[in-house]
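Below, each structure is written out as structure tokens.
After this come two complexes, each holding chain A, first together with chain B and then together with chain C.
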Partner chain A sequence: MLRISANKLDSLFEAVAAKQTLYIPADRNDGEAEYKKYETGMKLTSRLNTLRSAKDFFFPQTEDIVEFKMDGKKIEINDIRQECEDFVIFGVRACDARSFTILDKVYLSEPVDSFYKNRRDHGTVVTLACDRPAETCFCQTFGIDPTAPEGDCACWSDGSYYYFKANTAKGQTFLDSISDLLEDGDDTAELDKVIAKTKAVMSKLPLAGLSTENFGGDKLDEYFSSDKWTELSESCLGCGTCTFVCPTCQCYDIKDFNTGNGIKRYRCWDSCMYSDFTKMAHGNPRLTQLERFRQRFMHKLVYFPANNNGEFGCVGCGRCLSKCPISMNIVKVMKALEEK
Partner chain B sequence: MQKAMIEKAKQLLADGTVNRVIGWKRGEFAYDITPALFENAEELEKDFVFDDFTAANVSKYLVKESRKEGKVLAFLKPCDTYSLNQLTKEHRVDRENIYVIGIPGGPKLDIEKIKAKGITGVLSVKNEDFTLKIETLYGEETMPYYEAVLDKCASCKSKMHVTYDELMGEEGEVLESSRFDMVEKLENMSSQERYDFWRSELSKCIRCNACRNVCPACTCENCVFDNPKSGIDNKAPADSFEENLFHIIRAFHVAGRCTDCGECSRVCPQHIPLHLLNRKFIKDINALYGEYQAGADTTSRAPLNDYTTDDCEASVVHERGVE
Partner chain C sequence: MNSNDTLIPYIGVVTDIRIDTPDVKTFRVESPEGGKLFEHMPGQCAMLSIPGVGEAMFSITSSPTNKEFMEFSIKKCGCLTNWLHAMDVGQMITVRGPYGNAFPVETELKGKDLLFIAGGIGLAPLRSVINYVRDKRENYGDIQVIYGSRSKDDLVDYKEILDEWMTDDGVHVNLTIDNAQEGWDGHVGFVPNYVKELNPSTSKTVLVCGPPIMIKFTLAGLKELGFTETQVYTTMELRMKCGVGKCGRCNIGNKYVCKDGPVFRFDQLDELPDEY
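Let's turn to the complex of A and B:
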């Protein structure tokens, strides 16, 4: 495998950043990590994952989509779409990498979302294998192997070296662009040990036994009218934290901003937890928090697999487990629904 | 304490004093506790928890619960009783339908502070002589207890319950707290420094509305920020103006009603110190209208609703604005 000494990682970042924008997960001053635009001296975080997910790169929280300018009775329509520049995201974890596959199914199937596709086409995803899974991790429930992440190019660290392997043509181009920094390192004994150790931890995780076997597209009738929803949704605050830190939540709203002499039309993330979610001319189809709460979990565990060959709409990153103000989450929902 | 609380709750359910209990339910880990209703002894025995992580203030749930059939038992920590009193004063709860048991307060622990130390894979957390022994997937870790205490508890204003029907444990007193220290620091900054401080904090906002939705003073049926008819509804930090104003308008709206329970900052996924905005208002109200603690009672007139000839003049804004 191709590798670079861990103490030369900075020079790799420098080389990549010299050619295109590079984002890496870096520490904030409050103990959290977030993706930041790489600047000289910036260090890769030691945190397992970023507070916000990597979906922001392809599906940002807000983006302008079209502009209308009014001049008397004339309306000028400006298509403000622009080809975005190439960029690299380094250090994406296996869970977030899988979330892109899920988002692709929504945004790259007909009709293709040109805003999303533009970013996907220009972004290169370099993943980083996990070696310290947290208690909140359950990616393996969804068949994800955090020691063998997807993405254009995968990367592993054994402490002394970072190893690289291209998964796509884009990933190969990335490796070619830094080939003068990489060396061949066929002795991966240390790395194999790290991977084996991580796998051993994975099997001992508190949520290791969580399974999707009782969920899927055929469970609509069974779960939609379950009496468990009342209790599960009882203390939900109806905030959007879970949906906004989630790497797979994909709903958006389109809004118009009156500029005085025209309209800026933009889209922004929506949350099924919000009272005006999918509000239409006739009103709101989900009147209570119970219905909105149910929507989020049914979408991930039943509706999404029903429409996507059994693939679930969750990657087990654990962000909602850490961030929900009342600690209600998909794991608790799955366990409660399964209970007969 | 947990055991005694469960016994007490079972007894009050059995003798018909209440027909349900609001408290905290254990989760998957040591710390992920959910506010929950318990309707019988089995549920209480199985899941009721009261420990270092039961920080959630359950008062706001009483807005909904006190309008239901029968009496609800609520276990309230001292800070939570201020919230309930304020809700009673604002006629948002039916106090008659709530049986309050005052229970000892914190300090409660903040799992985020433990994780910020780089301690990951947390399986259990135990306090032994003010050292936290933390069992993790990667072995045992320790850290000083006080470094993991929630911010809201570190500057606790009162160990006294301001309303209850029954008390468990010792009653405490109103404390001399350090809660205005950071506000003073901000006041002593230049306006540019202060602007930079708030911009760096508020620009982190993701408009999840957790601060608003958890706030016991925010009980509007339909918030202006959710109401398309208001013209200022939004669900995204579409521009920097938007982020700033959302929090500042909210702070204005709860001024004189915020009891400083600290839930806004506790639940913020981005760790924005929102309580500092509220504390600035509390400090100013104290200075300009006389000492006042929202939620301390249910009858007094709120300073901002009560005109007296001693009130400060509007010119105070100009005078204080001069650097």
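Let's turn to the complex of A and C:
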């Protein structure tokens, strides 16, 4: 495998950033990590994952769609779309990498979302294998191997070296662009040890036994009318934090903003947990938090798999487990629904 | 970025405004160069917007056989619809679509005797089908329209019903209003009851649209008369933003009303969770 010495990682970042925009997960002042645009001297975070998922790169929290000029009875449309510049995201974890293929199923299906595709076409995803999975991790429930992440190019670290393997043509182009920094390293004994150790840790994680076998597209009747929803949703604040940190939540709103010089139409993340999500002039089909709460989990565990060959709308990143203010999450929902 | 994106609308011009009822107006929309902005099939919808005010989904009430313009019958009931009702002829709006499926006029409905049942503004999506089958009369059997509203003044398309539908051979129209009023010598009573009174033949295929409560009792009445859910179609309404099954808003079960609907047969609705 191609590799680079860990103490030369900075020079790799410099080389990549010299040609295109590079984003890496870096520390914030508050102890969390987030993706930042690489600047000289910036260090890769030592935290397992970023506070927010990596979906922002392809489906940003807000995004301008189109502009209008209003003049009396006249309206002029201004298509403001521009070809995105090439960029590289380094250090994406296996869970977030899988979330991109889930978002692809929504946004790249006909009719293709040109805003998402533009970013997707120009972004190169370099993943980084996990070596210290957290107690909130359950990606393996969804068949994700954090020691063998997807993405255009995968990367592993054994402490001394970073190893690279291209998964796609885009990944190969990335490796070719830094080939003069990489060396052949066929002795991966140390790396194999790290991977074996990670796998051993994974098998002992608190959520290692969580299974999807009782969920899927055919479970509508079984779960929709379950009396468990009352208790599960009782303390939900409807704050939407789970949907905002979720790498696979993709619902959006479209809004207009008067700039004083015209109207800017933008889209922004929205949440099925919010009371006005389905509110219409003549009423709201989901009047209580129970119905909104149920929608989010039924979508991930039943509706999405029904439309996507059994694939679930969750990657087990664990963000909702650590961020929900009332400690409610998809794992608790799965366990409760399974109980007969 | 040369590709089209469905979120980027067309400009339409309002070329005629007809006052239907105290709170319903029908807007004729054409492209700035004249003619239709796009083709559609009966039952499909479009997103109309006044930038800065809002954007919402409306059924296209004109028939695709109308080659000159599209029409939208819109009830005044919110921010955007208030604005639309205040428009004058010549106003530009934005339009995108067509969205959703359509009534199966070229497949399942072909050759059938058709019974249209509508309440209030629920006539708007059905009018597209009614005028389509009237224009392609040879492809369909008998046509019956049962339409009711709160009062005579609330009957949408009243003039067209009197002047065109009622004078059309092979089209039977039965009108009803909720409460008796001066100047009305027609039927008085709610639509579901009127349907039962009229006792239509169960050989008919039914298309129903109206307020949820009317649809509920009409379906129950039809079942009493011996109709099955597989011969009754309706069109649904939920909040929508994108129109193409991506923004998540109109998701019910594994369906998106904007793209898999709005037209459903009642046996198909039975398979969805009960939350509409």
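Assorted remarks:
In this text, the second predicted complex is superposed on the first by the 336 of 340 C-alpha atoms of A that agree within 3 Å, B and C clash if a C-alpha of one lies under 4 Å from a C-alpha of the other, contacts with A are read in each partner's own complex, and residues count from 1 in each chain.
Quick note on the criterion: a contact is a pair of C-beta atoms (placed from the backbone, for glycine too) under 8 Å apart; a residue touches a chain by one contact, two chains touch by 3 or more.
A quick note: this is a predicted structure, and the numbers were derived from the prediction, not measured.
In the superposition on chain A, A:314 makes contact with neither chain B nor chain C. By the touch criterion stated above, A:270 is placed in contact with chain B and with chain C alike.
After overlaying the two complexes on the shared chain, residue contacts for A:182 are found with neither chain B nor chain C. Once the two complexes are overlaid on the shared chain, A:301 sits clear of chain B and of chain C alike.
After overlaying the two complexes on the shared chain, residue contacts for A:253 are found with chain B and with chain C alike.
When both complexes are overlaid on chain A, the residue A:224 reaches chain C alone and has no touch with chain B. Of the two partner chains, chain C is the only one touched by A:112; chain B is not.
In the superposed model, A:128 makes contact with neither chain B nor chain C.
Using the contact criterion defined above for the overlaid structures, shared-chain residue A:12 touches neither chain B nor chain C, since it reaches no partner. Applying the stated touch rule to the two superposed structures, the overlap between the chain B and chain C interfaces on chain A comprises residues 253, 270, 279.
Across the interface of their complex, chain B is touched by residues 30-32, 46-48, 51-52, 61-62, 132-136, 201, 204-207, 231, 234-235, 237-241, 244-245, 253, 255, 257, 266, 268-271, 274-276, 279, 321-323, 325-329, 331-332 of chain A. The part of chain A that touches chain C in the complex is made up of residues 65-66, 68, 70, 73-77, 79, 81-83, 106-107, 111-115, 118, 217, 220, 224, 250-254, 256, 258, 263, 265, 267, 270, 272, 277-282, 285-286, 291, 295, 298-299, 302-303, 306-307. Interface of chain B with chain A (complex): residues 27-29, 31-37, 56, 61, 112-113, 115-118, 120-123, 136-138, 206-210, 212-214, 222, 226, 228, 233-238, 266-267, 269-271.
Those residues of chain C that touch chain A in the shared complex are 1, 3-9, 11, 51-55, 77-78, 81, 88, 90-94, 237-239, 241-242, 244, 246-249, 251, 253-254, 273, 275-276.
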